[in-house]
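Worksheet for the structure shown next.
First chain written, first letter: the chains are A, B, C and D, and each begins at residue 1.
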Amino acid sequence: MQRSITDFTLITGVIGEDVHVTGIRIMEHALRTEGFNVFSLGIHNTSDEFVKAALEHKADAILVSSLCGHAEILVRDLRSKCTDAGIGNIHLCLGGQLVIHEEPWSTTENRFLSMGFDRVHRPFILPNEAISALKVDLNITQDSVVGQFKSQL
Amino acid sequence: MQISNKRWSTDYFFEQRKRVLSMWPTGNGVSLTDAFAYHHAMNPLKNASNKAMEAKRKGLTLMCPSTGKDTISAHTNLLKYMQDEAKVQFVTTYIDSLTRNCKFDVAKQELQKANDTGKPRLNGFPVVEHGVMGNRAVIDALDIPVLLFGPTPDARLTHEIGLAGGHTGYSGGPLISFWNYTKNVPVESIIHNFQYINRLMGHYEENGVPMMYCVSGAMPATSPPSIMVAPEIIEVLIAAAQGVKHVQLNCWVQGHFAQDLAMILTFQKLTREYLDRFGFTDVKTTTYSVSPTGRFPVAHDQVYGLIAYYAVLGVMGKVQLIGSRTIDEAHHIPTIEGTAHSFRCAGMVINMLQNQNFNVLDNPAVKEEAYYMEIEVRAILDKVLELGSGDIVLGTKLAIEQGVLDQPYSTSQLVKSKVLGVKDCTGAARFYDFGNLPFDSDIKAFHLSKIAEREKQLGCKVDYETVVKDLTAVSEGYILPEFIGSSL
Amino acid sequence: MQISNKRWSTDYFFEQRKRVLSMWPTGNGVSLTDAFAYHHAMNPLKNASNKAMEAKRKGLTLMCPSTGKDTISAHTNLLKYMQDEAKVQFVTTYIDSLTRNCKFDVAKQELQKANDTGKPRLNGFPVVEHGVMGNRAVIDALDIPVLLFGPTPDARLTHEIGLAGGHTGYSGGPLISFWNYTKNVPVESIIHNFQYINRLMGHYEENGVPMMYCVSGAMPATSPPSIMVAPEIIEVLIAAAQGVKHVQLNCWVQGHFAQDLAMILTFQKLTREYLDRFGFTDVKTTTYSVSPTGRFPVAHDQVYGLIAYYAVLGVMGKVQLIGSRTIDEAHHIPTIEGTAHSFRCAGMVINMLQNQNFNVLDNPAVKEEAYYMEIEVRAILDKVLELGSGDIVLGTKLAIEQGVLDQPYSTSQLVKSKVLGVKDCTGAARFYDFGNLPFDSDIKAFHLSKIAEREKQLGCKVDYETVVKDLTAVSEGYILPEFIGSSL
Amino acid sequence: MQRSITDFTLITGVIGEDVHVTGIRIMEHALRTEGFNVFSLGIHNTSDEFVKAALEHKADAILVSSLCGHAEILVRDLRSKCTDAGIGNIHLCLGGQLVIHEEPWSTTENRFLSMGFDRVHRPFILPNEAISALKVDLNITQDSVVGQFKSQL
């Protein structure tokens, strides 16, 4: 059975001691407009809080934002905590501005992929692009699109 | 926790102080007697308040970058480079965010790694972990004043160590920390922590060491200035009650000349008025302007344009200190060179403009903005005072609960966050949603008429989408999103 | 050679034209019929006058870099890059200096070397040597208007080929060419050459092709604006007499807000007035501002600051076109990238500011400057007209001989060069030496009082050394040399 | 016999189709203040004109300025013309902004030295520095200094 976008539930939030909230707020707005169910945790969340919320809402994915430059320190245990909680297969997606030094993007991307993320976004990714990638990742086909585009038909 | 805007008793302060100093081992290294002696031996113009007041007397606009590196040598090199190569007249010690959140143990581990590997690990200088002597090692290497920098709910120990360590001021404040740096810390506990900091600064003042406290109110995000000025004046009044004597007013400029200049004027005027009203007639003010914190353009050439643009604004606003984002802003924590380039660019503009005394402050558009801004700020502050039965601290707590004090995009869940800003067709910030702000129909009509003009220009209603696009338009090179890429 | 400000007869023009076209083989390739057809087929907004007038109607400030490369492919790539990457709305074909001096044979040899080696050999585009089709190859690759650019005593053949080749305007003029580009060419022969160019443009206008003529007057070098505006208005009147219908006023800004804005205003006001006085009521004007030609700072960061600063000035002056020096200015002929960076920086500022309609033009300081500037320009022009018994061309020749029209640092030995400028303590240009300018005691007292203020600030007399230092102060990062390196 | 500065005669001017006059005007001012006899040719001079003036005024040196970027084309025959005119040993000095492309300074310097110049100045050379070099080149010792510094004694 084909699930439509409205059947998908996402947990969003900023991890760690990071206060940069504007970007993820905009993403949440765009995701909701697209039709997703979004549970927003706001800022200052631990890995445990993400996992707990995912369990509680039977989420399909966790979208973590990090801009303060400490992502490497903050996100390393998220996948293992998911596994421990029995949701080891949940889609994990990361975005924001991840590192404080300059390095090729592929180095950054691989670092976080190898920590267990399924999708790592470049800085300044636009909502539309991030959403397209998410639909691919969650296997949501165009037919199941609702929200702003569908509603225009 | 029940607090008020009364001066803390000496007993209460020193009782609290014991706890604060014991938060981390380096706290034991603080001796006030030694600190006063250290500051008294310092060149008077290395003291931030003295230098800012001197700039005010002479009508000069000086520069102050906000930067910090983790290790002592990295931080010292950075600040010396700023002094010598970027020719700035003030520098800051940006506090790293782990220390800001009192995660001293993690910060220490990371600092250790930084020391071992020579690679940066923290996004600022861990003031507490370096201890008094570590701070002084930095200060001693410089000839210009150094400020602590960074809002956060609890910077008490950072101040104990940072001020004893030779810093002569701080930029931050309880309300900005509450709105923009916390998730669910009650405002009263943050204010309490700041009363501590303010009392500590007052204590330095009483012992002959001027300390400059730069209030910050609330971060702008297409914010009509009244909602930034009102919280800043509250921060001033809280500080003055605890004995702070040198306040710097942080004028968050957002790029709209008339509105930004009006903010700089109105802020000074009303601060003086409210200070005097409460008897704090001996508190001196200076001004600081800094560009907004919205996303910055990625291309260096465009950022240079913005930096220079904001420098023009600051000089025309006759502020004493100019802060600036850097050309690296959108990319990563600014490199030393990137910061120096940015300030040399701003410096060029200042050095062209400041001696011209080109006065635009009585411009009619500035006056129109100032007119509404002033009645808005008064409306908010007077309601806050009414709620607190004359006590600004009590009033603040209640006003936040009721949305009389409110902010868009706050990080705190204790905030209504109903208020929202949108730009008018000249790029000025107007209220899209007034939330529960205590405004009369006159004020509301003014904002709505300005938005109506934008709608006419757009040919459609302003909506949440417009609000979002307005936020990042500057990073795409335009004050208004509808002009992006357009031309003749 | 005896000339006057009368419209040339058709016969005289076409007789001259034969000689001009025979100066170099490519002259034979020019057919006016074909040229008119080519221009009529062009998108109207690719015509410079149309686009500048449209900008005036819409209140927009657009950008126009001055650049040129030697080969067709290099020049095309350059201009396309400007259009696409720097997002400018006008471009120019900078004429190389060999061609400007009619050394067509040498220019051709160098061009050949450039074509062969792929390395640049000339400091601009050799318009004549490329012929009509070579010019069109460039124009056809673009979507925006292209102007010829470069003062020189004899650009007649350059215009024949350049305009037929698709350019829709020119920036230069007889007086700027005389003051700043010749050693001992009599002004009347330069005017004669420009009457040819103006008549040619008039002929295009009569055949339905608007041509924009941007007068330039005289290069500033700490020059009180009246000595730039007066020659520019003379250039306008000469052009109007030959049938030019679209004039652009080149406002040389030197960095002093009040004085530069006053110049922009006064220039427009008096141009209209003198045009109307002589019956040229149908001549339309637009404005252009460009930063001064004094030495530029070496450091890119500082130049970026200056570029943005001048962009603020231009927008506040509500000019239609902004030119700009580039970050490479002090180093070498700007690279493509350097020019694009410079204009992206200026563009950022324009896009922030232009929709704000922040009006500073009725600022009191601007008005004070405008007051004296206006009576100075009138004094000069009226004396010129008196000398010429009403004929501005005759008057100009005599006025130059007598120093009624005069310039500092002129390259011409036929110029008195007695007049000298020095800055006052706000950085505005004042007369250090009035030479033989026909000024009354009121005007002189104004300038002397301003210089006296500077002397008070300096604590010593202003002398020739000050004059020299004022000239290069900006390249060292300050509007006034006495502040270089100074701070609190 | 020790010659004093006032005994030295210099020819200054801009070569070729170049109009950049301000820099050399400032140099002339500084040289005169220092005590030199300066004959200024202004702009638009050919090599022949420089040589003619040098002969006429029995000059010790020719100071050529070039900013338009065509120096290489314009100055190549100056030394040989001097030789032909019998003043082959005259001091030749060049300044301004000499090339239109970017290259290491030593490349530029060597190019013009090998064309017969005795001293080639970097762009933006300050009057004082250029004058010091000239005094070394012309063997003028401190003792023979007159002009601004001497007059301050």
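We take it that a residue touches a chain if its C-beta (ideal position, glycine included) is under 8 Å from a C-beta of that chain, and two chains touch if they have at least 3 such contacts.
Values in this document were obtained by computation on a predicted structure and should not be read as measured data.
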Intersection of the contact lists for subunit B and subunit C: none
Subunit C and subunit D, separation of their C-alpha mean positions in angstrom: 31
Length of the line joining the C-alpha centres of subunit A and subunit D, rounded to whole Å: 69
Between subunit B and subunit D, centroid-to-centroid distance (C-alpha), Å: 56
Residues of subunit B touching at least two other chains: none
Of all residues in subunit D, the ones touching two or more other chains: none
Arrangement of touching chains [line / ring / star / complete / other]: line
Which pairs of chains touch, using the document's own definition: A-B, B-C, C-D
Contact footprint of subunit D on subunit C as seen in their complex: 97-98, 100-101, 103, 106, 110, 119-120, 123, 180-183, 221, 294-295, 298, 330-333, 409-411, 413, 464, 468, 471
Contact footprint of subunit C on subunit B as seen in their complex: 45, 51, 54-55, 58, 60, 62, 87, 89, 255-258, 297, 299-302, 304-309, 311-312, 340-342, 344-349, 351-353, 355-360, 363-365, 425-428, 474, 477-480, 483, 487-488
Parts of subunit A lying in touch with subunit B, wherever the complex brings them together: 17-19, 21-22, 25-26, 29, 42-44, 68-70, 73, 97, 99-102, 123-124
